[in-house]
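Same chain, two partners: chain A is paired with chain B first, then with chain C.
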Partner chain A sequence: MESAVSQRELARGSISKSRRYASLVPYAFVAPAVILYATFKLLPIVAGLYLAQLRWDGLNPAEYVGFANFSRIFQDDLVLLALKNNVMYAFGTVIGKITLSLALALLLHQGLRGRGFYRTALFMPVVMSFVVVGILWRWMYNSQFGLVNAAFRALGLERLIQNWLADPKVALGSLIAVDIWKWYGFHMVIFLAGLQSIPYEYYEAARIDGATRVRQFLSITLPLLAPVMLVNVTTSLMGGFNVFDIPFVMTEGGPANSTLVLALHIYLRGFKFYRFGYAAAMSYALLVLVVVITAVQLKLMSRNLGAQ
Partner chain B sequence: MGARDRGLPAAGGGSVGSWLRSTRVQSGAIAVLSHLILVVATIIIVYPVLWMFFGSLKSGTELLTNVWGPPSRPMWENYPKAWEQGRLGVAFLNSVIVSINVVIMAVVISSLAGFAFARMQFRGSMGLFLVFVFTMQVGAPMVPLYVLVVRMKLTDSHLGLILPQVAGALPLSIFIFRAFFQSLPEELLDAARVDGCTDLGVFTRVVMPISGPAVATVAILQFLGSWNEFTLPLILVRQPDMRTLPLTLSSFTWEFGRTDWSLVFCALSVGALPMIILYVFMQRWFIQGLTEGAIKG
Partner chain C sequence: MRKSISRRSFLRLAGISAVTLLAACRPATPATSEPASEAEPQAPAQEEPQAYTGKFVVMSASAVEHIIPLIEEFQEKHPGVDVDWRNLTSERFTELFAAAEVAGDQIDLFAMNGQDFRRYAVADRLMDLSHLDYLDRFRPVSVDTYTFQGKVLALPRGAISPWVLFYNRNALEAIGVTEEISTYDELKEIAPALKDAGYEVMSHEGQVLYMWPVWHFILHAQTSGNTSVERCVATLQGEIKFTDEAYLESFRWLERYAKDEMFISDVLSTDRDGAQRALETGRAAFWHNWPGIIRNYREAQEAGEQQELELDLMPALQVVDGAKREVPGGVGTCCAIYKRIDPVRLDLAFDFLDLMTSDKWVEHAVKIGNEAVASNVNVEASDDPLAIKYGETCAPLNIIYEDWYWPPEITRSFQEGEQAIVAGTMTPEQAAQANQDVLDELFEEGYEFLS
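And now, the complex of A and B:
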């Protein structure tokens, strides 16, 4: 009798023990991820808010200045210029990437021969780094020995020859073109996947009703592409606002600050002029800007989605 | 929020064939015009890359006289020259070490966490997962990250480059693994548990061996990201011997950009061609992995 009880108790004890053990197992599974993420991502984000309130060059003792760094952002002419450039860059790349990739996806979706080849070729620059692409295009844009002007010369379009990276009027546009060149194949593949998900019967029904191809595109294709459109616009918009590598490698913000963008301004303030506090404050401002813009864009676009 | 939920099919299916039929009705003129546009687009994408390779085999003077075409006589000797002067060997090695470690750590750590989020119930699981989701798109700001790595005495070290990249890679990787693990049938895991497997046993012996597709997606995504990473080494590396390829390419260009661009083209080719060759042979995986990453992120 007694032994039976103790055995049962023993069994119960071991069960609860194993349960307690089991309840800790999931935490062991997520622990490495949580620790690493908290240290190298969340901590810098939180600590940045404190750093942003210091006047500090990274070497000498820091001085606490409160929100002075934040208010300085609004008096910094370069911030305004960088913001303007950045907005132009973001919208220029988004519009260019979306129209070009959608147009080519529509062409490819006709079921042309060689579809796979075109897809592979146009996607290729995605695997190259911005550094390689940027340096390559610096030489492409060389006014005398570059491929771009040589191509215009060969086509008899001498009017279009420019000093692509040295002329403040065209430099930003030149960088935008490179960004589009690198990424539109990527967006095209995503559009292509979206196009393939549209049932053919919709088009057949529309044709029977006498809808033109333009009408079919506007009433069937475009609305049903809304989910992939959302993906494409969001990724390219965020990429456009966070851009750093291309202007850093190609122009360092010049000529005459015409290609200075926010991330580059932050980098230069922080790591060239050692204004750590101010750079941290601007990082925060950029972060808030990107979050707000993406939230607004997601809201606008998903309202459209909901309306259908 | 897998590909299917957002209306993306796994493969083309019948609609492509029907489209084919519909365009046959149209005149061939549209097809010809389409091909023309696509060929021009392809040339604009591919020729600059080919031209970069051509440029690496020209002499400094031929680069200026023969702008367009392939080199009259390929100067392979440019490569060892660039390799030595640009210290590409050590940069290549650094890039390999960092990228491979980032991939391995990202796969191991995020698959464990993804499994817990997908298949285990624990207090705070949803909250933790949402922290990853909501901070996914936010990059760690440069200055605080730099200060942190300096404090940990990890500047100019491989680990200092690896750990922040793994951390940055986690949200999307966890997301991909979680979605994959959720799609596995419950019976499979139950059978293993009945056989006496512990949770870790189920994970390592049953789940991971059949998770090839998810591992491939995450590995490709993170290898590419790490191989091409520029900002992090730019702020964290001071010693020339610790530079990774992108950083070396950038500084090499500032040094030699005024004198000999053919050497710069060699360096660029060394930086880009391995990835392009890998892409050509595994393009299906690359395209799928990268677009899946975007759609889920």
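And now, the complex of A and C:
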């Protein structure tokens, strides 16, 4: 009798042991990814907070300065200028990308011949490297032998010829146009996916009711695309505030700081002036700014979604 | 009883693993190892020291191609030594060096640009080389450049190559000018005729921010009565201000160049290649540059290209009566020993330094670059007529770049300010004040200029 009990206990014990091991298996599978993420993402974020409280030039011993680096942000005139440029850049790119990509998505959603080719061709800039795009457009914008001015000349539109990257008044706009060109394909594909998810019957019913194409767009397409619009606007807005590559490659923030954006300002302070602590502090400030703006935008847009 | 691991325990475990992993990855050599002179010897005291075999790391601002024969000779002399020539590139030298040092990478020798010398000298990263018995192989001016607080901390290597004004003789001949012009007024006088003949006046890579201060160096040399370097040091020591008349006048001259439309029309979006092409293709008549382009020009001539260009050169234009037309420059590259080098590689480092700066290898370097004046006394540079003219008429007018003394914040402020003056978004007064504001801020933070 006793031995039967102990055998049952033993069996139960081994079952619970194997269950315990089984419960560990999923964790073992995700462990490499978690460890890598913790090491290369979370740890630097935490370490960066500490770095933001130091004055360190990369060579001499670091000095702890508390929140001085953060308070300094408010006294830095260039931060304000860069922020203003970022706001203009973000709004310019969001409006441009969303309008263009939606228009193209609507076109490609029609039964167009060679649709696959157009989709691929329009998506191409997305897969190109930022550096390639920057250099390519720098040449295209060249006021003497660039393609843009040459095209205007050929079309007899001489009054539109500009010093695209040399004139502080138009340089930021020129970069915005490049950003739009680089990314509209990405947003277009997302819009296309959204358009394909709208049931055809809605349009059929609307047509029977006598709705015009514009009315169908305003009352069916646009409202039902709202969730996709939310994704597109959010990613585009965040990209607009985090932009670095295009101004870095094309203008280095010039002429006369007219294309200086926050990420570039941070890079310069960190890697050119060796103010790693201050650069880290500004990075956190930028993070907070992007989070706040995105949260506000998500709140506003989801309220509209809820109302619909 | 079922016992499963909680999420919290798992995350804790993952955190501990990450920290352990990081600790395991820590380099064996600490980043802040003691200077070689003070460190303990690595080999056991009683045994005969073994010749070092393994990696020998040179942190360089340039590519390895031109130096491969030198490395081969060195490796032949030291069997088992593998020279690791790391090209951090000129633009990213300081940031990549900082990353390497913090990571505890092996660092033995510097082969850097002159503009970075001061950063490492001030930070006490360079070994004193004053005791070397071959310092007389260099021209005194080139050794002075790398002397800091009375100690020679780096050795010059290569050419003394100040910026000069290159011009296209074809352009001047096209408008009937056969004599070399020498003043700004003369330039202004011939500018309309040049434009009528299809030439713009002055090429410049205005899109590249760091090229703008060259204009200040050239102009300030004259507006300061040829005391620009002394005034630069005095300014950084707080004795004079960036808003002083000589600084302002230098900016006013730059503004005059822009307002008189002396620069090519898209100067602010022209990069280096674009600026060079403007001269080569006959679009612009003048271009400030260092003599490296002489070689390109000769090669292009041999290939039957650049028909529009007949290259000639002169020092900067005269803007202030009676002032010397000084040209900014220096021995662009230097070599130094990392002060925290592992003592087992110290002898190797001295040997490599000796070889790199020897007449044989300096000659090799200047011949490749078609340079005019070498850092070494006994090295004859190029026999190209343009290089000879350069060596005779321009090199003696050499003054050190002011930005070799400036902290990076000041350099950037000058770059932005000068670009803004040309763009018309800042006045000379505003740009000068911006420079002074940056310096004042640095002083407030405790900046001190060590001379």
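Please note the rule applied: the second predicted complex is superposed on the first by the 297 of 308 C-alpha atoms of A that agree within 3 Å, B and C clash if a C-alpha of one lies under 4 Å from a C-alpha of the other, contacts with A are read in each partner's own complex, and residues count from 1 in each chain.
The definition used in the following text is that contacts are C-beta pairs under 8 Å (C-beta built on N, C-alpha and C of every residue); 3 or more make two chains touch, one makes a residue touch a chain.
Bear in mind the structure is a predicted one, so any value in this text is a computation, not a measurement.
K.L.:
Name the contact category of A:Ala82: first (chain B only), second (chain C only), both, or neither.
P.N.:
Neither partner.
K.L.:
Once the structures are superposed on A, label A:Asn257 by its partner contacts, choosing first (chain B), second (chain C), both or neither.
P.N.:
A:Asn257: touches chain C, not chain B.
K.L.:
Looking at the overlay, does A:Tyr27 come into contact with chain B only (first), chain C only (second), both, or neither?
P.N.:
The answer is both, since A:Tyr27 touches chain B and chain C.
K.L.:
With both complexes overlaid on chain A, does A:Phe130 touch chain B (first), chain C (second), both or neither?
P.N.:
First partner only.
K.L.:
Counting only touches as set out at the top, which of chain B and chain C does A:Ala166 meet: first, second, both, neither?
P.N.:
second
K.L.:
Thinking of the overlay built on chain A, is A:Met140 touched by chain B (first), by chain C (second), by both, or by neither?
P.N.:
Touch partner of A:Met140: chain B, not chain C.
K.L.:
What is the contact status of A:Asn60 with respect to chain B (first) and chain C (second): first, second, both, or neither?
P.N.:
Only chain C; A:Asn60 stays clear of chain B.
K.L.:
Counting residues of chain A touched by each partner, does chain B or chain C come out ahead?
P.N.:
Greater contact footprint in residues on chain A: B.
K.L.:
Is A:Ile180 contacted by the first partner chain B, the second partner chain C, both or neither?
P.N.:
After superposition on chain A, A:Ile180 lies in contact with neither partner.
K.L.:
Does the superposition put A:Phe271 against chain B (first), chain C (second), both, or neither?
P.N.:
The answer is both, since A:Phe271 touches chain B and chain C.
K.L.:
Output the chain A positions appearing in both contact lists, the one against chain B and the one against chain C.
P.N.:
After superposing on chain A, chain A residues 23, 27, 34, 39, 43, 58, 138, 144, 271 contact both chain B and chain C.
K.L.:
So in the complex, which bits of chain A are touching chain C?
P.N.:
Interface residues on the chain A side: 16, 19-20, 23-24, 27, 31, 34-35, 38-39, 43, 58-60, 138, 141-144, 163-168, 251-258, 268, 271-274.
K.L.:
Write out the stretch or stretches of chain B touching chain A in their complex.
P.N.:
Residue positions touching the partner: 3, 6-9, 11-20, 22-23, 30-31, 34-35, 37-38, 41-42, 44-49, 51-52, 55, 63-64, 67-68, 108-110, 112-113, 115-117, 120-122, 125, 128, 131-132, 135, 137-148, 150, 163-164, 166-168, 170-171, 174, 199-200, 203, 224, 227-228, 230-231, 234-235, 246-247, 249-250, 253, 257, 261, 264-265, 268, 271-272, 275-276, 278-280, 283, 286-287, 290-291, 294-295, 297.
K.L.:
Would you tell me which residues of chain A are touching chain B in their complex?
P.N.:
22-23, 25-27, 29-30, 32-34, 36-37, 39-45, 47-48, 51, 58, 104, 107-112, 114, 118-132, 135-140, 144-147, 150, 154, 181, 185-186, 189-190, 193-194, 196-200, 203-204, 224, 227-228, 231, 235, 238, 242, 244-245, 248-249, 266-267, 270-271, 276, 279-280, 283-284, 287, 290-291, 294
K.L.:
Would you tell me which residues of chain C are touching chain A in their complex?
P.N.:
Checking each residue of chain C against chain A gives 1-5, 10-11, 14-15, 17-18, 21-22, 92, 94-95, 98, 101-102, 119-120, 123, 125, 206-209, 264-271, 274, 283, 408-409, 412, 416, 419-420, 422-423, 425-426.
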